[in-house]
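Each of the next two complexes has subunit A plus one other chain: subunit B in the first, subunit C in the second.
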Partner chain A sequence: MAVAAAVRAADSDPEPQRPARGGQQGGLGRFIGYRLVAGLGTLVFVLLFNFFLFRMLPGDPAARYRAVKSISPADLAKIRDELTAPLPQQFVAYLKDPLALDGISSWKGQPVWDLVQGRAWPTLVLLGATTIVAVVIGVWIGIKAGWNRGSRFDKVSTAVTLLFYATPEFWLGLLLILLFSTGIGFFPGIFPSGGVIDSGIDPLSFEGITSIADHTVLPAVALAAVYLAEYSLIMRASMVDELGQDYLMTARAKGMMDHMVRRRHAVPNASLPTITLIFLNIGFIIGGAITVETVFSYPGLGLLTFEAVSEQDYVLMQALFLVFTMSVIVFNIIADIVIAVIDPRIRT
Partner chain B sequence: MRRASTVTTPRKLSPYAIARTRRKKSLQRFAQAFFGQPAGVIGLVILSVFVLLAVSAPLLFDREMLDITKTLGNESLEPPNGDFWLGTDENGRSILAVLVWGARASLVVGLAASLISMVLGTLIGIGSGHYTGLAGSALQRLTDWFLVIPFIPLVVVLAAVLGQRGLGTIVLVLGVTSWPGTARLVRAQTLSVEGRPYLERAKVLGDSDWQQMTKHVLPNVMPLVIANTTLTVAIVILSETTLAFLGLGDPFLDSWGTMLDKATGAGAASTGAWWYLLPPGICVILVVLAFTLIGRTLEVVLNPRLGSE
Partner chain C sequence: MSDVAALELRDVHVTYRTREGPVPAVRGVDLSVFAGEVVGVAGESGCGKSTIVSTILRLFPASATVTGEVLLDGENVLTMRWGRMRAVRWGVASVVFQGALHSLNPIQRIGTQLVEPIFLHDKLATDNSAATKVRTLLEQVGLPARHADAYPHQLSGGQKQRVMIALALACDPQVLICDEPTTALDVMVQAQILELLIGIARERSMAMLLISHDLSVLGTSCDRVAVMYAGRIIEHGPARAVFDWPEHPYTRALSSAFPTIGDAASRYAPSGLPGDPPFPGDLPSGCPFHPRCPSALPVCPTVDVKLLPAGPGRTAACVLVDQSVPTR
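This part shows the complex of A and B:
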């Protein structure tokens, strides 16, 4: 699961601190510069990886376009020439246009990026809703459970979050459809089970927005349940780490009330790993949305990935894979910069 | 003279015997610590039940019960009843039978892929921690790069690109994609082991790199690797479920993910066939939970840094 990869990545870095370069404390600008260069290196690797991954395919690549009626024989011949050229030549062509901006989908016969652009906004809506719900609830549970370690709330919430952590998000989605869309027993079928908006409504009107919200509730809940489990587990662990610290004792000795000690001192210090994780996960949720969007026929990038896979449209797959990977890289860099802004100790 | 006589010369033990008693002692200590953690014990109990079911699947349900040509006489999508405790699927097969056989598929895929991931992660992790030059940093970069590639899209794309679907393909895809986390952890631990005096001693005595890595570093990172691999099994089983659900699994293998894929295809969610949806999902959750609980407990028991929790 992406979930766990993110947990691992965000879990407080077990590596020893890198010694400050040149023996002096670097500034924020220098840190950001260093981070951007490292990100660029990653990007180059991803571009290479993406190129070779999709050149492993057996068979005649142009044959995949045969089913598409809207491509003329001349275009088909051109595509075949491009796809069967020697690898170095293909690589040069790829470097000129790594995003396959004028790649043609073998499924729909139209430019890949027209498809991707049309599908981006529902995923962004879903992503935003999921992140907000998961962060607010997850962090709240984590703070409360960690601060009162061993309490009944802690035990129950840890058990429940571990359960959600082990749940496949698409299965939760299926269950939600069964309960709240199909309706079973005394559960009312009140939510739609497919699409992002009812047809014929302007998405920017009031009806449009309520319709989108209506369609987004169930998939967002399915995704958020899994991620809030992760946030609360990490937040709880960081709170527990802070519990015995001297500065909390100092704050209490000053006569501060318990909830103020928690809010003003413990939470800000404990929140760094969770903040990192939130940014990292934004990239991963886009990928994790593949199954949930499929279950809900939610027309975002995840469903598009599923369609590309089932239609064996490798050009589309390649573009989507690059979008997902690049969003992870970008959010990785943002996470590092945000952390460096908050915590000067990181800027080495 | 008096002093010397009080010192009872210890019975002469061979180094192997000493090592054996030491290992036995530490194993006992470990077992005591592990069984003192209720979460770990619960995980172990759940896992044992599923392993038992998977092993005894042929005794409980004849393999023929999965053959759709033999189940045409049964009603399809029948709710649970006396004959079929969990109802039937769209082909009239007993869901309970498919479920029990599915335990085999899920556990085998989970364990085999985690083994590949463990070997890769340990090799790359120790290598990148041990070699300080170009090789080490190249391995470290490789790990960092693979860490940012989103896991599920990678697995989905890889499975789609590799084409022919079989158990082996799935194990391979999941195995070669889930090692970076392990490698990163192993590298950090290797770095801390490399700084200890006994490794310096080994270097001075002229141990080769291979000897240093296998005789001194490996035994020290192994506990961490085992705890981490247990957690990897959980992730791999979840990923297998996802792959199979997206239709990228082995079509001839009834894993729990395949069941959910077929259930969706048969419209279980929209027709209210809860008996087809619930059991596979609950089984996945329980097994993943079991591995997660065991893995977390192993981490706490084996990692002294977390021991205070």
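This part shows the complex of A and C:
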């Protein structure tokens, strides 16, 4: 066999030899840099978009301020002047303060960012509780169901999670209020509904923390049910995809125990889509818990959004809109970076 | 050569349970490989080669029923306790798999994957000793040691296959099984990889089972070959002799099948053979080769052909070598 005489050294391998090192940590750094620049670009676009969006909305923003007693006639006149100035002039003014840092809420007469700050922490508490519960339980179910595809656990958990996934949040929220807050039949009305903490308690005291927990349980359960279902379904699908992978056969042939094959080889690969989804959802929940926060009168950013829209508080809406888009952009970037850290194929 | 084979299959049958009914993929295979020997298995796609491989480390799916004996150094794999089975995997026998290009975990560094079996099988291994071993392994397969830091996607097909070979050698097994180790590679690289494999097996006096659908490759590089058709060995003997003077009409068709370079499909289709290999769930009666056999006789659809002596050290399963069957 003439070809068998071919040299043995790998260097005669006619396929291109890509550098084995070069661009691993460097690749990651470059990737993060690129991603940050792209994110900044998106942010600039959103800021511009925001300017035109809020000038196309119907209604008379200045009229809303008249209802607020604390605003002086001079300030009101100033607001009117600003709103009737030619568009380019407005644009320059907008660029001076695109985040509406000086903005006054027409609904409350307070600086909008004070309002946003006061509502941000309940949303973060709700988001944190929801995410931890949904990720831990959802991913655990997904791994177990996918790895043992066709098992009883798989069948039951898939049926239940599909049911949760299809349940509207507001309906689940109302049901939870009825059962565990109002109380009906056997069900004790043990949890308070409305608010995030009983009034007059220091949120950092022991009492305050238990009160916050009490108020957060039901909305967190309502929100977590949906996300938990989503994570477990996606994780299960990824695990099922993993089952047929050749490298799992390699891992088994090496003599590894089943749970090691799962933990070391199947789960890390299968987790990539779920990780992306988790971070994207965190970005969305910050603004997207509107339904659940409204149903539970939970004073977070979602409820604030609902109120801003009902009160036609344009400046507040503008500030909230920015918070939401920024959170989506930021968590998008984080998701991409986390994925790039785990998966080397992304960063080259 | 000791008298106990490093690997021995005795009357191995494998049947897959499927929705369409049982699929008898392997129907009674006897084969042994001694230390220092390279034994080839040839046959078209679907004849049961990979199924045989899966029995050796008991890696077949739960849907497979396996009977017979698979002996590694005299020890039956099929009845082994689970803990012993895990120790035997990679410790006694290792595999270079058919889908070798996807057999590496895409998100782990090459070094991490090479180290894994070392720690698994050598309780005394330290980080240092394992790292040294990885370097040695990579050098043995002709790769620079720095490739330990690379990820699979940064390597070419040939380099990945070298890594798989290094991986298979990680625990110094006595038996090396290669399931179509070069199929996914381009022709030039195929020859290099094959030579590397054979060289390593000879140098270490390993027992090597080399599977390929290309009989010409096996004929020139193995000591013995077995040719499979429809889940059975239909011819067996010294590699050169079987390739140069085939006794079985199927082997004859295989040995005259020269691949056309650049036409991947031609490697799979033996020249001058009409039709497709039979589906094991629905085999022809008698000699399963009879619908495609250029030398078929009227008795062929009814006789149960067995492997019979066909020259020095050779056997074949065909009425043409069986003197007791009237061929006229």
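To be clear about the criterion, the second predicted complex is superposed on the first by the 319 of 348 C-alpha atoms of A that agree within 3 Å, B and C clash if a C-alpha of one lies under 4 Å from a C-alpha of the other, contacts with A are read in each partner's own complex, and residues count from 1 in each chain.
Rule of thumb we're sticking to: a residue touches a chain if its C-beta (ideal position, glycine included) is under 8 Å from a C-beta of that chain, and two chains touch if they have at least 3 such contacts.
As the structure is a prediction and not an experimental result, all values here were calculated from the model.
Chemist: Can A:175 be said to touch subunit B (first), subunit C (second), both, or neither?
Modeler: So A:175 only meets subunit B here.
Chemist: Once the shared chain is lined up, is A:88 touching subunit B (first), subunit C (second), both, or neither of them?
Modeler: neither
Chemist: Looking at A:29, would you say it contacts subunit B, subunit C, both, or neither? Reply first, second, both or neither.
Modeler: A:29 sits against neither subunit B nor subunit C.
Chemist: Going by the touch definition up top, name the partner, subunit B or subunit C, that contacts more of subunit A.
Modeler: The partner making contact with more of subunit A's residues is B.
Chemist: Tell me the contact category for A:255 with respect to subunit B and subunit C: first, second, both or neither.
Modeler: second
Chemist: Report for A:150: first if it touches subunit B alone, second if subunit C alone, otherwise both or neither.
Modeler: After superposing on A, A:150 lies clear of both subunit B and subunit C.
Chemist: Under the stated touch criterion, which partner chain does A:344 make contact with: subunit B (first), subunit C (second), both, or neither?
Modeler: A:344 contacts subunit C only, not subunit B.
Chemist: Could you say whether A:42 touches subunit B, subunit C, both of them, or neither, answering first, second, both or neither?
Modeler: A:42 contacts subunit B only, not subunit C.
Chemist: Looking at subunit A, which of its residues have contacts with both subunit B and subunit C?
Modeler: 1, 3-4, 8-9, 14-16
Chemist: Subunit A touches which residues of subunit C in the complex?
Modeler: Result: residues 57, 59, 86-91, 94-95, 97, 99-100, 102-108, 116-117, 120-121, 141-144, 146-147, 149-151, 153-159, 162, 167, 186-192, 194-196, 199, 216-217, 220-221 of subunit C touch subunit A.
Chemist: Which residues of subunit A touch subunit C in the complex?
Modeler: Interface residues on subunit A, with respect to subunit C: 1, 3-4, 6-21, 24, 245-247, 249-257, 264-265, 268-269, 342-345, 348.
Chemist: Over in the complex, which subunit B residues touch subunit A? Could you list them?
Modeler: 141, 144-145, 147-154, 156-158, 160-163, 178, 180-181, 184-185, 187-189, 191-192, 231-232, 234-235, 238-239, 241-242, 245-248, 260, 263-264, 268-272, 274, 277-278, 280-281, 284-286, 288-289, 292-293, 309
Chemist: Under the stated contact criterion, what part of subunit A meets subunit B in this complex?
Modeler: For this pair, the touching residues of subunit A are 1-5, 8-9, 14-16, 41-42, 45-46, 49, 53-54, 56-58, 162-163, 165-168, 170-171, 174-175, 177-178, 181-182, 184, 193, 240, 283-284, 286-288, 290-291, 294-295, 305-306, 309-310, 312, 314, 317, 320-321, 324-325, 328-329, 332.
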